[in-house]
Amino acid sequence: MRAEERAREAALLVELPPEETTVEATALTHLPSARGFFKPHRIVLMAVAGGLVFCAIWFLRWDWLPQYAGALAWGVGVSLLLLASTSILGFAIAVPIGLVQVTGPWPLKALAQGFCTIIRGTPLLLQLWLLYYGLGSLFPQFPAIRQSFLWPYLREAWPYGVAALTFSFAAYEGEVMRGAFAGVPRGELEAARAFGMSRWKLFWRIWLPRAVHRALPTLNGETVLQLKSTPLVATITVIDVYAVVSKIRQVTYLTYEPLLLLALIYLLLTALLVLAFRYFENKIPTRSV
Amino acid sequence: MTERAEAIAVRDLRKRFGALEVLRGISLTAHEGDVIAIIGGSGSGKSTFLRCINMLETPSSGSVAIRGEAIALKGDGHGGLAPSNRRQVQRLRARLGMVFQSFNLWQHMTIIQNVIEAPVHVLGVPRAEAMERGEALLRRVGLFEKRDVYPSFLSGGQQQRAAIARALAVQPHAMLFDEPTSALDPELVGEVLGVIGDLAKEKRTMILVTHEMKFARNVASHIVFLAQGVIEEQGPPEQIFGDPRSERLRKFISSVH
Amino acid sequence: EPVKVGVAAEPYPPFASPDASGKWEGWEIEFAQAICKQAKLDCVITPVAWDGIIPALTTKKIDMIVGSMSITPERLKTIDFSDKYYNTPTGVIGPKSEAFDATPAGLKGKTIGVQVATIHQDYANKYFAPAGATVKEYQTQDEANNDLAAGRLDAVQADAIALTDFLKTDQGKQCCELKGNVKDDPAVLGAGVGVGLRKGDTELKGKVNAAIKAIRADGTYDAFSKKYFDFDVYGG
Amino acid sequence: MTADVINWGLLALEPPGWGGVLLAGLFNSIKIALGGYSLGLVLGTGGACGKLYGGPVVKDLMEIYTTLVRAVPELVLILLLYYAGTDLLNRAAAALGYGTVNISGLAAGIFVIGVVQGAYATEVLRGAILAVPAGQIEAARAYGMSPLLTLRRVTLPAMLPHAIPGLSNLWLISTKDTALLAVVGFSELTLVTRQAAGATKAYMLFFCAAGALYLILTLVSNLIIRFIEARARRGWAAPS
Amino acid sequence: MTERAEAIAVRDLRKRFGALEVLRGISLTAHEGDVIAIIGGSGSGKSTFLRCINMLETPSSGSVAIRGEAIALKGDGHGGLAPSNRRQVQRLRARLGMVFQSFNLWQHMTIIQNVIEAPVHVLGVPRAEAMERGEALLRRVGLFEKRDVYPSFLSGGQQQRAAIARALAVQPHAMLFDEPTSALDPELVGEVLGVIGDLAKEKRTMILVTHEMKFARNVASHIVFLAQGVIEEQGPPEQIFGDPRSERLRKFISSVH
């Protein structure tokens, strides 16, 4: 009991500001509504935007585009695959991380909180390099690892990228899930118990879905943030769309064009994500207060 | 009364929260078809008593039996009791329909999903059958058109009626109501009391905690007045309201009228 | 107004690498200092990420590149170069445990590491990739070397001097050896290493060319080269 | 070179230890983070006011700004702004006849982080301003305050408690985003760590050391944030 | 009454929100020392009328004059009016002490800071002087000991008294009260009405919207009954409450009593 309290106090000392407060400010979660698109000033703005796009097309060099279209599409595929796999894996880890912080015994609680604090307190780029160049260069020194069936994978770069992105997502989303689990009204859990649900059933049927439901808007933002993190893997030799564009930049020596295209690609991917999430959120409507 | 089977039997129930002894030896038997209303001042232990019946709160001592089956209890090592067989508790709970003051509908499910949840996932009723029965129940409480709506879109009265349908869906041996109308706006109270009144007329076993004295008088077959953790007085409604014996009950009745 | 001399921000021994006090040192740094002194330019060494070093030059973040950048026809489309200031062959290294040579046939099925945006990348893509090798690109030479030592690569292609330098380190000595130099292709590998300059910056180009000539003539070049190499790095 | 012998001497502050270089890098990171964050706050305040009180054109421009920055990875934005931003500035200066302006890496870094932070801060501050009860602002109007005075005396101070959690997170993001400048070769903590690791081959040691430095920075920041928050929350009734 | 100066003069005020015409031509003059109570059903436009006086709401047509100075208005291009001189409005507003239903004290300032805010930053009174006067006002409303406390730590009644002190601090030509007690718990209403009653006795010019009929009757020199955006009836309290002419007023009075 005393130990638990002490652990809680120690943990409180390192708790970072809640993640939910900034997700919407740092990730696009709502598309601007199309309504009222044709007000006079908007038409002028759109004309200006159109002019800019025209200038970009006319005065900048785009002749390289067809040659790299295939590579770009491949890169987008890799980016999306990374996003999907690491978000799903990360979420799977985030659930227990959030849960033990709400109900777990204190050693697990402290462990989960420490994990979240360390990951949230250091740059992802550094974590990525630590895993790939640091940990990755230690592995081959152990013959056991070198001979194991894992070695062909450990030789590659993507497992490290996936691991780093997964941990990152798990830490940020774990923090969100903690709030979501804690925020499910006690009464609803009590009602489930009153209807004779076992602990597992209560967790799977009521607590988890309800928490996920609560976390959905933030999950949307976290996924957009995760998409925005994926290009970092290019720095450890994974060929995602960012890496493809880097290569284009190096081969063509163009400064702006590939980057502008890249920004456009991410803009579209983000919009797609937002639309997908809007679809899911609409499935379970909640009355906005 | 004696020839009917015992639906709920509570013997010498005590419950303490730390230093505070909230229930100080309560015995009460509800036979099949009884409608028992529990009244009493705030903090007198009414909710705690109700919650002890289905072990949402574990008693410090005493025993509870549902339909003659005693809930197995063992010492919890802190001077209280705890169920020794979780499965038994879950099985018995599943047939006690509890209705809460704040409804506690599951917000991530539609009304019909709320209603069929326990029958399908706890009792193992086939989905189609549960659906059919659930819809009948919703029709009965006047919420059939709202079946596919999420709870947050309903008024408090509608939510409480849905909660009652949810409790009925498990075909409960007995229903437990904890102040089912006190979270409602005055104009919505009537519709919920109407539904409960109908249930009482069907001679369903019910124990209800309520502050609505007029309603308790009309509906209950037996009134229990709780004060400071003991049953201060009990009896048929006419006697309790018409001819209260104890000073405390007399004061209580005049204060709420 | 000082002239900003761009060097790659990644360690590239023995040409340029930061020391423990954060100062840049190496053969190329001494070379840069020598020509600046000769041309009476006020130079500041400015580290820039290698893969963005040409944009940095064209957007005037730096004024010249002294970064072991080979003079290639492709680069000449975007920037200008001084005369060459050194020229060395291109080599391939690999683990001691495997025997192969630096030919397309020898590298078939192997994973070969190169630094991005280098002539070695272009060369490997032109000759080794079609022959069945996987080309993996690294931000820095150093990381490619490290991955070779870590067993994540089968070979590394780079400037022969840089590779020799690596093979002299503990790490390199243990794991790897030179598998040979690649067959020359001037169209890809270029005509030696020159100082990268902005197009149209003819004044600076003139000064740099004159300075290179001068330090070659007065022995300065040989003097500091001796500290690093026991052969003529200027090449034929 | 193997992991079993950790050469702690590599972290010594004096050469041949690299500790001094790491600390210098950390100092650079903090400088950029502070500068970028401050710039972000200024842009964010302007952006939030523009979004809330501006004319239709200003509102739309702000919307475009925050939408773009929030939808595109920081890494891409940093590259774009680093090259394009300074290039445009140079061209503008040239067009105005000032010749090339000399933009230091530090200024460019601050500019880049600041523009990104500005969009985030716009959203945080906008939300916080909207959280101020309308009656507070109406009371200010009723007592004859001009719009500017209202903003200065009532709206901004009243929104502060709502904004602080968000702004604290932005500060932590800003310290971590400085690491991204490594990809443009700016000598902040992450890049010097990579150089040190590359030069000594002690990858684990240096990356862990840098991680510890970032973590300390985060945790110390957090203590300061709590102190500020406690002060700003004066006047808010204790949660009952 | 006629020899006293006009404090507030409203002429033929109309206000529409979209299709809804809330005020349909209201004229009312408050002379120095008048205490005018505005009564009327919910939605009759009382608040809107009060808010039009200090231009928190801009009228659709009509005019408002404060101490004989007409507020300059011009068409706003949407069929309504807007002040043509913002500085004039700010200057006139500064001397109209408005007290809101929900207090609207500035939460980030202590009570005394709330009180001296407008004198110091709008009227330019030296801080020390404002402080002294502010403290005297707080003493007067019985809040001197709470001067350095933040509003959220006060009860509703205390907050409203602080708001009254804040309004008095600008030495207002007239005070405007919009249901100053309706957000208060019943037991706190008395303390606020007491303060307002004292102000009325001093013959301060006041216009107050209230639902407290007994209070209006005791305190006001003149009662205005608003219904559906027009003045249905007005006159001295004895007449309005003792001898209401219109059917509507009679109904209204009986409904609130």
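A, B, C, D and E label the chains in the order they appear, each numbered from 1.
Basically, contacts are C-beta pairs under 8 Å (C-beta built on N, C-alpha and C of every residue); 3 or more make two chains touch, one makes a residue touch a chain.
To keep track of the chains, here are their UniProt names: A, D = Polar amino acid transport system permease protein; B, E = Polar amino acid transport system ATP-binding protein.
Remember, predicted model here, so these are calculated numbers, not experimental data.
Between the contact lists of chain C and chain E, the overlap consists of D. Using the contact threshold fixed earlier, the set of chains in contact with both chain D and chain E is empty. One copy, chain B, sits rotated relative to the other, chain E; on C-alpha atoms the angle is 175 degrees to the nearest 5. Pairwise, the chains sharing the most contacting C-beta pairs are A-D. Each chain gets one centre point, the mean of its Cα atoms, and the points for chain A and chain D are 20 Å apart.
Here the CA centre of chain B is 56 Å from the CA centre of chain D.
Between chain A and chain B the centroid-to-centroid distance comes to 46 Å (mean Cα coordinates, whole Å). Mean C-alpha positions place chain B and chain C at a centre distance of 82 Å.
None of the residues of chain B touches two or more other chains. Across the assembly, chain A contributes residues 133, 137, 235, 255 that each touch 2 or more other chains.
Chain contacts: chain C has residues 52, 55, 59, 143, 146 touching two or more partner chains.
Contact between chains, using the touch rule, shows up for A-B, A-C, A-D, C-D, D-E. Within the complex formed with chain D, the chain C residues making contact are 1, 8-11, 13, 17-22, 46-50, 52, 55-56, 59-61, 140, 142-143, 146, 169-171. Looking at the complex, you find that chain A touches chain D at residues 14-19, 21-22, 24-28, 32, 39, 41-42, 44-45, 117-118, 120-127, 129-130, 133-135, 137-138, 141, 224, 227-232, 235, 242, 255-256, 259-260, 262-263, 266-267, 270-271. Chain D contributes residues 133, 135-136, 138-146, 149, 153-154, 157-158, 160-161, 234-237 to its touches with chain E in the complex.
By the touch criterion given at the top, residues 1, 15-18, 20-21, 24, 79, 83, 86-87, 90, 100, 102-103, 105, 108, 182-185, 187, 191-192, 194-196, 198-199, 201, 203 of chain D touch chain C in their complex. The touching residues of chain E, counted against chain D in their complex, run 54, 56, 86, 89-96, 98, 100, 102-110, 117-118, 121-122, 150-153, 170.
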